[in-house]
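Following this line, the structures themselves.
Next, two complexes with chain A in common: one pairs it with chain B, the other with chain C.
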Partner chain A sequence: MNDLILRAEGIYKYFFDSHYGKKTVIKAVNGVDVGVRRRETLAIVGESGSGKTTLGKVLMRIYEPTEGKIWFEGNEISTVNGSKLKAYRKYMQMVFQDPTSSLNPRKRIFDIISLPLKAHFNMSKRERLQRVRELLNKVDLPEDFIYRYPNALSGGQKQRVGIARALALNPKLIVLDEPTSALDVSVQAKILTLLTQLKEQFDLTYIFISHDLSVVKNISDKIVVMYLGYIMESASTEEIFNNPYHPYTKALLSAIPTVTDEERKIIPEEITLQGDIPSPSHIPQGCPFYSRCQERMDICKIKRPRILQIKEGHYVRCFLYDRNGGK
Partner chain B sequence: MRTDEPILRIEDLAVYFKTIDGDAKVLDGVDISIHKGEVVALVGETGCGKSVTGKTILGSLPIPPAKIVRGRCFFKGKDLLSLDKDERREIISNNISYVPQDPMTSLNPVFTIGEQMLALIRWHGKKRAGLRAFLGRYNKRDDSWGKAIELLNKVKIPSPEMILNRYPVELSGGMRQRVLIAMSLIGNPSLLIADEPTTALDVTIQKGIIELIKEKVEEENLSVLYITHNLGVARKLSDRIYVMYAGNIVETAKTSELLDSPLHPYTQGLIKSIPKLTGEEFRGIDGRIPDYIYPPSGCRFHPRCDRAIEKCSMEKPKLLRIKDSHSVACHIYSYKEVTSVIDERSDITG
Partner chain C sequence: MKNLSQTKNVHKGNISRALYRFTKSPLSLIGLSLVLMMVFIAIFAPFIAPYPEDAKNAVHFKDMFQPPSLKHPFGTDEVGRDVLSRVIFGSRISLMLGVIVLSIAVLIGVPLGLLAGYFGGIVETIIMRLTDIFLSIPSLVLALAVSAALGPNLRNSMIAISFSWWPWYARLAYGETLKIKEEEFVEADESLGVSRIYIALREILPNMTSSLIVKVSLDLGYAILTGASLGFLGLGAQPPTPEWGTLISLGRTHLPGMWWLSTFPGLAIFVTVLGFNLLGDGLRDFFDVEVE
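Let's turn to the complex of A and B:
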């Protein structure tokens, strides 16, 4: 248990919305338990609307969880705020999805990367200049970029700046929210290689949020599959790809656009999901995946399946593997 | 190798954009041909000129700042670029249609799906619409409502009557993309230009859309120019692939052949960049897409190419046929591996 850097139990995150007096509750995350080991890469995968980004932000304490507890290195952080929370921010940083909108267009690269240094360490300008140069070297950017503005950079370079900013405080954990989905494949490969190198170099732990399973396969140690705010399946990367249990995981795997024939053999046969992910404000009563499931049964409509350990470290939420759960 | 006349044949197309600093030479000699019933994928990175190619065919490039410097674009034997505006519009509106990239912004948010579809059905192919078009569905002789439902059924949208009364924001991305595909089928087109229609969608939804397009191609005998940056999608859908780099076609072959034995260093780099499920090592391509105002001399890829030879910076390579349907524009093949060099633009077809 001790090597868990981040642990979360029973995380719920609801958003309350009111539209002309009609109140709706958007249930983005529903009872999620996760644990991240030190120096591990945990991938959270799912379609858009599955609550993966919300979960990432709750774990980062950008959002306060509606319910549930989060421990960072054994200290509970789910309710701390103010200066105490700021102290934890040093250890947890985030890299955002869209490199263009996550960098202030009116600030120079130096200002962008050095802002966390200023906020947390109260460094002098000379120290900050030195540190920013160092960081730019780490992410393979030329030093003379410090006086440029983000719009003079390409997408890949901007994402490198975003990574440098996350590294500035020497964090222990970085949440990567689809860091390469806005980039071309040739650039994506470079960024992923950089992320792997940095992880080795700085003993980092990653939470990698993504919808691209071929990327996840190559970078992560453990995968959590989410659907409508519920964890549907969670296991090591090998397990998920070799023995997927949940019909949703199978469908996700079968939808990967593969390039070579060898890849085609790895993923399950053709499954095409009908329809769309339901709205998180109207989660179905039974299994959340009922409306699109290929192997649905009568019980799935009425009762919500529980998450069950099938093998060592392999958890699935499905009645197909929990025959007694329905009774 | 098909011997029949392609439905669309682009020859040596060059499109420049006027800027303050000089002309941006965005397309510089593009050759593409598409046969009847064939799905052709145009693959390349962001900013390589894929969308400009599609828009040139559709005649929807803003001229100026764009200008077509040279080249021809034959559609069913007629050169679209030399026709006058009205003739071109007539041919395009009756034969070619377009599926846009972003289903979120391509529909007007203040009109219902029905209003937008019906307007298109009534106005289709007309320069002016008469009173009947304005009276719309209140006119009993007007069958556009029925046609809209029929179209939505074609793209497998459940309960089309309900969808027609909805606003675009009430639909999901996949649903909106289906509506757009339905709208593109209005004029019974023979050529569909799809500009990254699945990029904004989830993989599971993307799969459904790809299957839908495949099905429509067979049903309606469509030809498709599918613009994408995703080689995996191109593999699933297309018969042939054109790889584009910085405004040039660098390689073309049958889909399986191109992906299994790519010849051009850029194509090889692109395929190596994709993270594979088999866990093979992947690495990107150094550098970035060149400046179009002062593009590199000779082959535009040579500054990023690790197999560049002296000739690459001096002379622009021509697209040469290496095998039956495999053509590549690269100097390293023009000496060694070419057994029969056939430099004939109209012949570079699969």
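Let's turn to the complex of A and C:
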């Protein structure tokens, strides 16, 4: 337990919205427990609307959790604010989904990457220039990019700048929020390779948020599958790919395109999910996945299944494997 | 939502393209020339005006009420002063009024709107409801009331107009801030531990400058028009200040016989407002932004 770099227990995140007097509560994250070991990559997987990005931002303390506790290296950070929170920012960084929107279009690359240095250290401009050059080298960008504006860069290059910015403070943990989903497939592979190299080089821990299991397959050690803010299944990457239990995980796996026979052996037969993910402001009473589940039973409509360990390190939230849970 | 970096920015690469677009639009160029002409006239008024002393209290009773002629192209007024000289000096007052009013409006409105948009909560409620209250009163009526209460003169009319003008900038800055706040770089800055004041001033504010420039250039004409309206109604600059609205008001009693007394100051207002409007439209295309 003590090599967990980040641990979160019972995380809830609700957004309250009031529209013309009609109040709605968006339940984005509902009681999530996660832990990440040092130098490990934890993948959080789910469709859009599954609450995975919100969870990432809560863990990063961009959002304050509605309920629940977060520990970073044993120190509780769920409610810290101001200068204390700022101190933790040094250790935890984030790479954002949209490389274009995550860089201020009015700033040069130098200003963008050196902003965290300016915020945290009393460095001279010369020192910062030196550091920014170093960081650009680390992410394989030419040094003369420092005077360019983000507009002059391609999507992949922008994402490299985003990664360089996250590395600037020498963090221990980086939350990667779909870092490749806005990029072309060929660029995606390069960014993933870069991320793997950087992880080795700087002893980083990653939380990798993605909607795509195939992206996560080679990079993650552990996978958490989320649906409507609930963890549906969590296990090691191997377990998820070889022994998926939850119908939702199976459906996600079947959505991965296959090429070789070997791949087809692993990927279950095609299960097409019907309909869309329900709105997080109207979560179904029973199992969140009830409306789209292929193997639903009567109990699933009435009662919400609990999350259960069915093997060492393999947790599933489904009545198929929890016959007593309904009693 | 539109992506900022795709629509809003005129950087090195795009600037020549935007400039090209600007120069290809004859109306923008006309607007620019009119504005430049008025600025030139205002700066060099003492050298351009044929009778600079007529801008003040000069009296030449033997020349009174002369129709336009070569000697006095815009005619003379009831005490024999050259109307052309007075209109030329009037450009100084009108342009100064426009610039000062909008500077005050921007300096008050933009910080308030930024504060309300970025910090939200109770700050937002207080500032924006106050703005709504101001906007619910017709701006000319509000300016009239303030000017009448303070006592009619040029300085007070500027204060009065600024008083009714800042809410538009608060609202513009508020809307822009809400839009820019959604961009991921603001969240990125927060996650980097950058202070909120820095984010508001150095990260969000620069992204709304183009919208502000366009709105200011469009508003300059209207501010001048409002200043002239106050002058016309006797609640702005007082005679013998050669303010255009005041000149029209004084000439009105001699209409239609001495038509030149009101017509030429009116034309000056028309040309200036037209110039700023055309320029503002051109700048809007140049920066490719939408204002209101």
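The rule is simple: the second predicted complex is superposed on the first by the 324 of 327 C-alpha atoms of A that agree within 3 Å, B and C clash if a C-alpha of one lies under 4 Å from a C-alpha of the other, contacts with A are read in each partner's own complex, and residues count from 1 in each chain.
Rule of thumb we're sticking to: a contact is a pair of C-beta atoms (placed from the backbone, for glycine too) under 8 Å apart; a residue touches a chain by one contact, two chains touch by 3 or more.
Because the structure is a prediction, the values reported are computed rather than measured.
When the two complexes are overlaid on chain A, chain B and chain C sit side by side with no clash. Look at A:P105: by the touch rule set out above, it reaches chain C but stays clear of chain B.
With both structures placed on the common chain, the touch criterion links A:Q93 to chain C but leaves chain B unconnected. In the superposition on chain A, A:S78 makes contact with neither chain B nor chain C.
When the two structures are aligned on the shared chain, A:T272 is found in touch with chain B, with no touch to chain C. Judged by the touch definition given at the top, the superposed model places A:S114 against neither chain B nor chain C.
When chain A is checked against chain B and against chain C, the one touching more of its residues turns out to be B.
In the superposition on chain A, contact is made by A:T260 with chain B only, not with chain C. Nowhere in the superposition do the C-alpha atoms of chain B and chain C come closer than 8 Å. On chain A, the surface touched by chain B in one complex and the surface touched by chain C in the other have no residue in common. Contact residues on chain C toward chain A in their complex (touch as defined above): 3-6, 8-9, 11-14, 183-185, 187-195, 198, 203, 206-207.
For chain B in complex with chain A, the touching residues are 45-46, 158, 172-175, 202-208, 211, 229-233, 235-236, 259-260, 269-279, 282-285, 288. Every residue of chain A that touches chain B in the complex is listed here, in rising order: 47-48, 154-156, 184-190, 192-193, 211-215, 217-219, 241, 251-252, 254-263, 266-267, 272-277. Considering their complex, residues 57, 60, 62, 85-86, 89-90, 92-94, 96-98, 100-107, 115-116, 119-120, 149-152, 162, 165, 169 of chain A touch chain C.
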